[in-house]
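Handing you this structure, nothing more for now.
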Amino acid sequence: MIQMFHVYKSYTSRHRALSDINLKIDKGEFVFIIGPSGAGKSTLLKLMFGAEQPTRGQIIVNGMDIGRGKGSDIPLLRRRAGFVFQDFKLINHQTVYENVALALEVIGLNKKTIRKKVYQALKHVGLLNRMNAVPLVLSGGEQQRVAIARAIVNDPMILFADEPTGNLDQDITKEIIRLFKIISSWGTAVVIATHNRSLLSYHPTKLIALKKGIVQGVFVSSYKDSDTYIPQ
Amino acid sequence: MIQMFHVYKSYTSRHRALSDINLKIDKGEFVFIIGPSGAGKSTLLKLMFGAEQPTRGQIIVNGMDIGRGKGSDIPLLRRRAGFVFQDFKLINHQTVYENVALALEVIGLNKKTIRKKVYQALKHVGLLNRMNAVPLVLSGGEQQRVAIARAIVNDPMILFADEPTGNLDQDITKEIIRLFKIISSWGTAVVIATHNRSLLSYHPTKLIALKKGIVQGVFVSSYKDSDTYIPQ
Amino acid sequence: MIIRQLLYFIKKAIQNIRVFFVINLVTIGIISLSLIVLSTFLMISLNLEHCLDKWKSQINVTAYLKEAVTPEELTLVKQKITDFHEVKKISFVSREEALSLLKDTFPGQSGVFEELKDNPLPASIEIQLKEEYNNPQTIKNFAVKVEKISAVDEIEYGRIWIKGYAAFFNFVKSAIVAVGAVILLATVFIISNTIKLTVYARKEEIEIMKLVGASNFFIRTPFFIEGIFQGLLGAFVALLALYAGYHVFTNWMAHSSFLPLQFMQISFLPLKYVILIGVGGMVTGFLGSFFSLGRYLKI
Amino acid sequence: MIIRQLLYFIKKAIQNIRVFFVINLVTIGIISLSLIVLSTFLMISLNLEHCLDKWKSQINVTAYLKEAVTPEELTLVKQKITDFHEVKKISFVSREEALSLLKDTFPGQSGVFEELKDNPLPASIEIQLKEEYNNPQTIKNFAVKVEKISAVDEIEYGRIWIKGYAAFFNFVKSAIVAVGAVILLATVFIISNTIKLTVYARKEEIEIMKLVGASNFFIRTPFFIEGIFQGLLGAFVALLALYAGYHVFTNWMAHSSFLPLQFMQISFLPLKYVILIGVGGMVTGFLGSFFSLGRYLKI
């Protein structure tokens, strides 16, 4: 589903955000990218999503070569993917409902379908009652959950989540990760970037450890819905 | 230093963000406010900082009655306080240096003093090398650290921090909390809002548990730089 | 399907106008004020041009006739002159008419003329040329031809004045065109850049829409509709204001104590210009959005 | 201390102008274009008014003298008329001068006048009144007084024309004032609202400054400086463009084939108006910032 070959990314000439990344993420995988602040986790996710272009290397997502900067393909990819941004990226003058619905409107679904799906997504993140509020009046955690709802509302084939629980308490974090797991079990590849090592107790199928833009190791779990987690 | 008497806050008529809050925070205290998403933690901090006005009740900070909406006192209070916002609130078109320096420029310090203090603050959060970058190009954790640097740069009498480690990894979190502890030991009242219960291992002197806008309990620690934490 | 989509975009545009109501108001205000200035100028200069044209059409060539012209000869001369293709209209001024005209011109000195034994003035034919021949060269050529008619004594056509007239006419015209061009450019620039400023205030929204997979078409269209709407409404307000001003002004003129003003005809902008301003507002609004957005639509 | 702070604010303003360079360019562009339209209009109407005033000052009352006026009487009459407080200037036209003037007016018909046995025209004194007496009533009163002088035969002052002239003059003046007011209002509105749009795009910055304890003074001042700078630079660019246009235009006129144009004097805006436009730009820029900011400065 996602393949990266010798990918490099430098934002500035002095500094390299990512170096020689090679990885492969399959359908239905549940992947964590961990690493300290500034390691390049967000950059890695953005590359897979076409929000940034690699300096070098090849990125193939869902069969498309998105590293080549062919602008027209990227919207199509994004409509089949979901992304929880670290800074949420909600439209401040639109309501929660409208923000979430946007991800479906760009696909061109009809109003009724949109309503049904948005309600469902908001219900999953526990925000049905805040539907008509604008993001600015929401608490940090509530905003983050709106971002999550928008990312899952279009039944994405790939779900990227950048620090999706940074503003959420333990209980809601558990809920959200459970939700992601369910989505993953339907065949969606879920890629979560986080600094929060306690999330590891949620058993990813693959764990990518980053540090200063370099992959420290990729751990593949053989765990299958049991309780043990065995890094390879 | 901070006293709240029967404080209520409703943003909308239907919904109450805080109910009947009474509390007292002294000089040099190290306080945690915990509670789930939407509990009212940020609202409570904003009230103490004059960023929101209470619907009812009295708030006295550093001898000033800031609940009365006397606009002219609040800038003075803010110049002697620091605030790490949950959404950072950095000025995007200014560099890291300028963002941090702003908190000193409003006081009217001279250039040289400002430079010295800003360098020190940036060093504390490990961002000296990113000084000339603008916030937009920083990673989430880096932005959060800029916000922290700006909050501590003016040697505040009171330091408010709203989810200050939500985007930081364990190691940096530890560093930051240690920094806050040091600042607190100089007599500054430090008030941290967080959903992260693992922070409790850092031994606050006072723990305020919020839920749905209501104080569930205030726990005062008798712990004094030893390793045990005894909730009252 | 297409209609549903169009409706969706219109809905979005309306929603945006509601949310950014003040900004929209400001934008529409700026647009309509620019257009008021433009259309006021247009109206004034069209009327001025009309005046000049009228004046132009009044320039005559006068053919003074020999004293001993018989009525038969006169008819012949008239016929001959009318037959020239340059001629639009002629009118005959008899000797008596010429004298009374002269007397009217000098009301204080009527005594002067009473002393004259007999009328020394000749009869004349005033010739009005077709517009296209109102220029120094053709008038001169024409005069030469007329002078050859035997009954014609002398030709009078104010050589200097005609040359000067054309220059003056050109002068006023080019002044109008120059000032008009400045105003037009200013208007277009102001409108499109105002829209640029409003788009700038919303660049984050555009970025977010791109990130959820919106095509450029999807992002642009509501902005286009908004821009077109702003331009159209701005033009509408401007024309309304112009009409109100026109109404007040002509009313005032009709009750003026200055007689010539009472008969002066000021006309409102012709329909085609009204439409032009409306369409121009729309197009500028559209282009303003179009060029402002470009920059933010790159991935 | 105060100077240090001022320098700090200026530094901030410059920095903001650099960061928001495109926005500033657009704003200054809009301001200068509005001001170009305004100042072009101002220049044209000042020149027009000057023309009218010149014309006004040329309106004369003519006193025709009796035929049998001796040189001594003439001196006396001249003296008497000059002594009236309404009179600005007089000039004597002898009978011979009157005739040659008449001949000049009718160049084609000089034969008519040669037939005259002797000159039938009277001598006259042309009287130019002081500006403040150039209205129908005072002219009439003056005429009555002059008519009483024994050597004066008749008074000529174009009763209808004078009344009409005043009305026409008022008409043109009020038209200028009306259009000018529209343009001025449009300019002020456009400038201040353009600045409002730019401030809107920076409302977050303002909020953040408030949150770190900046006083309203601290936040406002750089914006004020920026607004003043924009207004001033806009005015400067506008005046420069106007001057360039003026230069080209007068040059063109000087080489025009139309003689009257060669001698027509068009003057540039007088210094006081140049200063007024500069100051006006600054004040509008300042006020634009002032009112735009108000809304965002509440805690």
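As written, the chains take the letters A, B, C and D, and residue 1 is the first residue of each chain.
Following the convention adopted for this analysis, a contact is a pair of C-beta atoms (placed from the backbone, for glycine too) under 8 Å apart; a residue touches a chain by one contact, two chains touch by 3 or more.
Please read these numbers as outputs of a predicted model, since none were measured by experiment.
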item	value
Contacts common to subunit A and subunit B (chain labels)	none
Chain pair with the greatest number of C-beta contact pairs	C-D
Relative to subunit B, chain with the most remote C-alpha centre	C
Whole-Å gap between the CA centroids of subunit A and subunit D	68
Subunit B and subunit D: spacing of chain centres that average the CA atoms, whole Å	63
Where subunit A touches two or more other chains at once, by residue number	none
Junction residues of subunit D - those touching two or more other chains	none
Chain contact topology (line, ring, star, complete or other)	ring
Chains that touch, pairwise	A-B, A-C, B-D, C-D
Interface residues, subunit B side, partner subunit A - complex	11, 35-38, 41-43, 86-87, 137, 139-142, 145, 162-163, 166-172, 195-198
Subunit A contact footprint on subunit C (complex, rising order)	4-5, 8, 19-20, 204-205, 207-215, 218, 298-299
In the complex with subunit C, residue positions of subunit D that touch it	23, 26-27, 29-30, 33-34, 36-37, 40, 44, 62, 64, 102, 106, 108-109, 111-112, 115-117, 120-122, 154, 156, 160, 163-164, 166-168, 171, 175, 178-179, 182-183, 185-186, 189-190, 193-194, 196-198, 200-201, 245, 249, 253, 256-261
List of subunit B residues in touch with subunit D within their complex	50-51, 53, 69, 71, 74-81, 83, 85, 89-94, 102-103, 105-108, 110, 150
